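Chains here go by letter, A, B, C, D, E, F, G and H, matching the order in which they are written, and residues are numbered from 1 within each.
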Amino acid sequence: MGEYVDPPELAAFAALDQDRLQRRGYPEAVYCEGKTPQQLSVIAAAVRDRPGVTLFTRAGPLHAEAVVAELPGAFHDTPSGLLAWPREPPAPTGGLVVVVCAGTSDLPVAREAQLVAEFLGRATELVVDVGVAGLHRVLGRLDVLRRARVIVVVAGMDGALPGVIAGLVSAPVIAVPTSVGYGAAFGGIAALLTMLNACAPGVGVVNIDNGYGAGHLAAQIAAPVDAP
Amino acid sequence: MGEYVDPPELAAFAALDQDRLQRRGYPEAVYCEGKTPQQLSVIAAAVRDRPGVTLFTRAGPLHAEAVVAELPGAFHDTPSGLLAWPREPPAPTGGLVVVVCAGTSDLPVAREAQLVAEFLGRATELVVDVGVAGLHRVLGRLDVLRRARVIVVVAGMDGALPGVIAGLVSAPVIAVPTSVGYGAAFGGIAALLTMLNACAPGVGVVNIDNGYGAGHLAAQIAAPVDAP
Amino acid sequence: MGEYVDPPELAAFAALDQDRLQRRGYPEAVYCEGKTPQQLSVIAAAVRDRPGVTLFTRAGPLHAEAVVAELPGAFHDTPSGLLAWPREPPAPTGGLVVVVCAGTSDLPVAREAQLVAEFLGRATELVVDVGVAGLHRVLGRLDVLRRARVIVVVAGMDGALPGVIAGLVSAPVIAVPTSVGYGAAFGGIAALLTMLNACAPGVGVVNIDNGYGAGHLAAQIAAPVDAP
Amino acid sequence: MGEYVDPPELAAFAALDQDRLQRRGYPEAVYCEGKTPQQLSVIAAAVRDRPGVTLFTRAGPLHAEAVVAELPGAFHDTPSGLLAWPREPPAPTGGLVVVVCAGTSDLPVAREAQLVAEFLGRATELVVDVGVAGLHRVLGRLDVLRRARVIVVVAGMDGALPGVIAGLVSAPVIAVPTSVGYGAAFGGIAALLTMLNACAPGVGVVNIDNGYGAGHLAAQIAAPVDAP
Amino acid sequence: MGEYVDPPELAAFAALDQDRLQRRGYPEAVYCEGKTPQQLSVIAAAVRDRPGVTLFTRAGPLHAEAVVAELPGAFHDTPSGLLAWPREPPAPTGGLVVVVCAGTSDLPVAREAQLVAEFLGRATELVVDVGVAGLHRVLGRLDVLRRARVIVVVAGMDGALPGVIAGLVSAPVIAVPTSVGYGAAFGGIAALLTMLNACAPGVGVVNIDNGYGAGHLAAQIAAPVDAP
Amino acid sequence: MGEYVDPPELAAFAALDQDRLQRRGYPEAVYCEGKTPQQLSVIAAAVRDRPGVTLFTRAGPLHAEAVVAELPGAFHDTPSGLLAWPREPPAPTGGLVVVVCAGTSDLPVAREAQLVAEFLGRATELVVDVGVAGLHRVLGRLDVLRRARVIVVVAGMDGALPGVIAGLVSAPVIAVPTSVGYGAAFGGIAALLTMLNACAPGVGVVNIDNGYGAGHLAAQIAAPVDAP
Amino acid sequence: MGEYVDPPELAAFAALDQDRLQRRGYPEAVYCEGKTPQQLSVIAAAVRDRPGVTLFTRAGPLHAEAVVAELPGAFHDTPSGLLAWPREPPAPTGGLVVVVCAGTSDLPVAREAQLVAEFLGRATELVVDVGVAGLHRVLGRLDVLRRARVIVVVAGMDGALPGVIAGLVSAPVIAVPTSVGYGAAFGGIAALLTMLNACAPGVGVVNIDNGYGAGHLAAQIAAPVDAP
Amino acid sequence: MGEYVDPPELAAFAALDQDRLQRRGYPEAVYCEGKTPQQLSVIAAAVRDRPGVTLFTRAGPLHAEAVVAELPGAFHDTPSGLLAWPREPPAPTGGLVVVVCAGTSDLPVAREAQLVAEFLGRATELVVDVGVAGLHRVLGRLDVLRRARVIVVVAGMDGALPGVIAGLVSAPVIAVPTSVGYGAAFGGIAALLTMLNACAPGVGVVNIDNGYGAGHLAAQIAAPVDAP
């Protein structure tokens, strides 16, 4: 991929990982927080004609505006701050990724996970509002849970959910604690600890609010066996 | 109760709360950790002829020996370190206290809670090994859970259990985190936080490993309405 | 309750726990933080004609506006962010819930606890500004404290209060730490730890600022013996 | 599987999750810490004739002795405290599980992960002592790393290793922090946080020292696509 | 004080603060933890003929043995690990130091504070076992509390006590959290935070278990006005 | 003081500790954070004619406006948020209180301590900007430090200062950590821990940013011996 | 330097460490956070004619405006909040300081370190965006890394970078954790711990976001051997 | 160095970083904690004839015995657990490393730092027992401190010392917190935080008790300018 050389104005603040797609089979994502809109403009212009998908994560309104100005028609999910270019995800291969969202307030993170998995090439389904406080809601969705090759469970106040689900299925579970909650939720720490200590084996945990990481990991787990 | 005056050798290190029974309706308990066996001998002798029950909590082997030497035939549950004098609990009144124990390793704390509730005058039942990783084990005991006036749930690695149970019943739940677990269990902190953040309302939490406090609180909640 | 089917636009982000009233004896509450006003509008419309009370907790001004637009005349306590529909609490049954508020700054949480207990069917009384720094203020209210079936104690800077009160009465105490305070108060952690370590047995603790949970638990404890 | 009824002496402290194999496709494991040798004897006897593998984790010397007395010839790895019955793992199916061990002191946890994956039916390879301080050691093993369907990375003082490896391969990485280290390692917390914040996506984290959980999760991820 | 030159073998590991008495008005104390008995022998020999009192704090049995071998007849309080040479405290001057000990298990720390204040020249009184759970025990000792020039309150499980006492008197209060307790006591952190957040002003806090520091500070506060 | 009855509108949210002056010798202070301006108006009006000083602490601009509207001419120090009524401090008695301020950013807290000590009846002096990084600045002020009956040391980034000063004088030291600093200062926790672990004995610590508590405690320590 | 006497209006809040240049060989820096613009005006005026460089760190817009008004033409780097007077750094002496910046969001801190080292007299180079997730980016810059006398590594989400670099070179490494990141990054704590536990020896860590301290320390390490 | 091939029995658990000397200019050290004596025997034998120094750190008695059995006459400092082979350090080059030890209990860590610097080729001096509580002890050693090219300051209870020293000299300071102390020392965390927040710039911090890392870093800083 040597023909895609970073423009000089980019080199002052960033060095794109251009061969990540070749090395890992998955493209680079641009983390927007802490970058200026000007920096994002330069990056967006630099990836416009690159092969493969480019993701922009945790983009605020000004970030998104700068990206879309350079990449008109880019996909943009405002609540999760995710942008993707080009705007259409690839045709899905591999197994099904099911994303379970414990509460309505966890939706932006769940959507980020789902969209990332889709843009990395997987089919997905989203199950919403199935907290432990009403077990029948979980048990009522066992059919879809059991069709999954991997399940992403996103929860802030309901950190128990990944363990409950892992105990019901054979698929691996990726748990995403969110910073939803108050008081002794400690911005997601309580959910994180709950998930790390889940009794049922088969749960791997990612960083608080890290829908991107969960979606990426899910896409890898559900990848077709002979390909990334 | 003025006729029961503390002996002079007791006054050097302790002042028994002799009228607690009258003031609160529940007798004092003697916390043994950090006391010398000699100090416990003096205390045990001082309570020998007091009316009502005296509990000794968190007694190690030397503590227990000192107490039993002064109070022969006292009740003694070794795993939980609980002693009681006199050895027979009162006839039960009020509602049923159900104690749920998540894992076998949590049993000593669960037993402490159960025994304290019994010695404070309540009928109890114990349900063992009903972790969230196998939900059918919880669901299979709904009958006894729904007979309870109050449920004590004791769990270390399975901090999600109190919330799951609270979501299934109308009785209040007392959650007792235990220090069972390893790594990010942090000696009970993870379970404590999980319980404080339980999605289902109706859960009150006590200190880590505090079976005594849970049993006491359960006895108060299940007290006959017109009496403590 | 199958006749109350969630409208389709609700299913995209929420699944109401419609049979919680039947299963637990207490109705569902809608946690507003992190929900959009649009989502709350849909939910409010969906519960308009449901039997029983619906509570909305931690509602900000925009949340409240959206709810009231759908449920005109709904009860709304601004400081605590609580709304209730229909606006009148049921006639009280069971025992008395006394809510003790340590400092004026703790009032919104105390009010939330009191109102929730009322809307779940209990009679309540509120005692204000009775900190440990002036013990006579606590001791001067022993009459009302001793009439309670359960006492909720709300305190941020005065985490010692639940233990002091528990030592004076036979009723169980629910302790609610608040995030009031500064410095080493750590947003309620200091009060939380103080309460978990209260010397006097008979104290169950809920999450920081969780007036809703405390009021719900109090309503359960003070429920009439033969009914939830 | 109803014909395998728990013996009555077991019911006093444990309820085996007998149908987990059927429900999840993976058998139950018995966590030994906190159990008495007597309790383990009863459990071991109860599983002697059960179909499928039974694992015993975190067994101390007395635990192991009790298990082996009931299950002569059981597999026993002393450093990791793992026992398995029957002693031979099943013939491997699915993809390759590569376990990477950062330092010699991390070996017991790495071995636990490897052995669990094998007893759950996967082929495994172990790569030892490949810390970040000498990158050439990692880079020199890229061949085996790139053959893996999933990589388990076990590290205490070298928490950076999972992220470095994830950046080099397309397979998902399971990171296992260990409690190896001193000072600001905080018993594994530093490694845990390093792993949760790994820059390279594709890393799921399990509890500190949780080789069992990592091996289980790896077995699920590398399962043959049409079977658990 | 130049005539007291450290012996050469001392200089290899310690430099006594010989003029502290002159500079601050209070003598140096030798902290024993982490020192070898051999090192303590050398130090003890070096102070044998120095003017004024020398204290040795937190001495284990081997430490104490080494000191007493060099300083026969030295004062030794085993539970607190305090030694003093010469063995008699000076005649008291200044105001009264009252040391309040919440629970029997806190006694060693309380004794350390009391003894240090005495060896630094103050009259002291000790009040034992006056926890907040039985307020009448505190209120019954108001007479001695109100005679104090300064009050040291030592408490582990009863961190609320300093604030309660400060609210009843005009004297300043020094609060000493102890590591007595379990679970969420966190080795004294809970008591420390409770004391730092005490509602009643007039409380200064020292390190957990720091009876020495509390006794020293009390001696300074209660010093005669015209002299240290 | 029975003739000063709280007005009825006050009783809804506050119960003034009117006899604190009599009981403790120091008047009550009104903590403003978390109170509404309306509540402060009612309180200010209620204390207008009370004997003795009333302090209002941590008042924001709206709080201050409400107080001054009821108590025209009240003393107001904006940076520290302290108000006092009546506006003149009493004539000083007892010993000198020296307040040392480590950095310019710590000034508001230092001023609060100084002003509170003055309004409680002590003479004070303020020493500014004497950090440990330039020891000569501390050593150059030894004269005033040695005239003090008690020294208050206020420091955020320079938590070492109280210990350095305590090692140079015979007076007791009150250490006030401030939330000044960034990164691993953790909002004052680093300074707090540094102060609690100060090597030199004679340091008592108050809550982070608690200038009020430090000034109050200093006033008590420096009180004339025969009076509060 | 006695001829530079602080003006009287400065003495009310600050005491400049005027002889630091003479004592340490490096000039004082003025920390702006928490100072008012007025205070900075007075300080800026006071240093206008002092010999040597004066740095102003962590200046917000109003701080910078006040400084520049007094020192027209002063150097000002807005993103890092650094100002310097006079505006030209001295001619470089000693060894090369290489500053490595892990991610674009870490640039302000990296620039602060680089600029401080330059103004203290060192030659510098900046290497950007060389995270561990793409090792080839680090390995591609080995040439410049190996020319350094000391390397400053600035990283928030990529705390592993300093250890990786230290393992590749002989120069000492100064690690600067930044508060860039989210969730379990905990405002820089994760990066801080990762760096403190770096496997490769040769890493010294400074406070989170402390570019100033890192640049200063680098300048000292790279100082010409016979001069500061 | 290809001629030194690891023996096959070593490869099962370790991969020596044989070319570290060539790559970094400093030899590898073998961390002993968590290794078995058998493993150390194999490693010791493998390095017997390697060129350059090999260090063994944190060796317990059994570790040391195993090493010395293979490397008779190896250098061994028991308190710090350091072994070196061959037993004589190289002739010193570069600048002077001064190691300052705050308290006698910190000596093992200080000795480790000093010895490592010597075995890596630097001249060293050790200054003992110079705590901040008696500033004259620090000020009395300014001569040796000012001769240093780099100063290592080792302190547990006296975390303020590195900042005080850094404020007095032009050399860089490496701060080593130790786990000496009790209560709120939190096993070295308090000292660590104090050091990270030291007011005086010029302080780099290493892990708690990490004398090895400090000695290594000091050797690098004080290296002759033209050589590692």
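Structure notes:
In this text, a residue touches a chain if its C-beta (ideal position, glycine included) is under 8 Å from a C-beta of that chain, and two chains touch if they have at least 3 such contacts.
Everything numeric in this text was worked out from a predicted model, so none of it was measured.
Contacts with subunit E and subunit G are shared by F, H.
The minimum number of touch steps linking subunit F to subunit H comes to 1.
Comparing each option in A-C, G-H or A-B with F-H by residue number, the pair that reproduces over half of the contacts is A-B.
For the pair subunit D and subunit G, the fraction of shared interface numbers is greater than half, so the two copies use mostly the same residues to meet. Subunit B and subunit G have CA centres that are 57 Å apart. Between subunit C and subunit F, the centres computed from C-alpha atoms are 35 Å apart. Per-chain CA centroids place subunit D at a distance of 50 Å from subunit E.
Remark: subunit C and subunit E have CA centroids separated by 45 Å (rounded to whole angstrom). Annotation for subunit F: residues touching 2 or more other chains are 133-134, 157, 167-168, 183-185, 189, 192, 196-197, 207-208.
Chain pairs recorded as touching, per the definition above, are A-B, A-C, A-D, A-G, B-C, B-D, B-E, C-E, C-F, D-G, D-H, E-F, E-H, F-G, F-H, G-H. Residues of subunit F that touch subunit G in their complex: 103-107, 128-130, 133-134, 136-137, 157, 180, 182-185.
Of all the residues in subunit E, the ones that touch subunit H in their complex are 11-15, 17, 19-20, 31, 33-35, 39, 58, 177, 179, 187-189, 192, 207-210. For subunit E in complex with subunit F, the residues that touch the partner chain are 23-26, 29, 95, 149-150, 167-172, 174, 192, 196-197, 201-208, 212-213, 216-217, 220-221, 223, 225, 228.
Against subunit G, the residues of subunit D that register as touching in their complex are 102, 131-135, 139, 157-160, 163-164, 166-168, 181, 183-186, 189-191, 193-194, 196-200.
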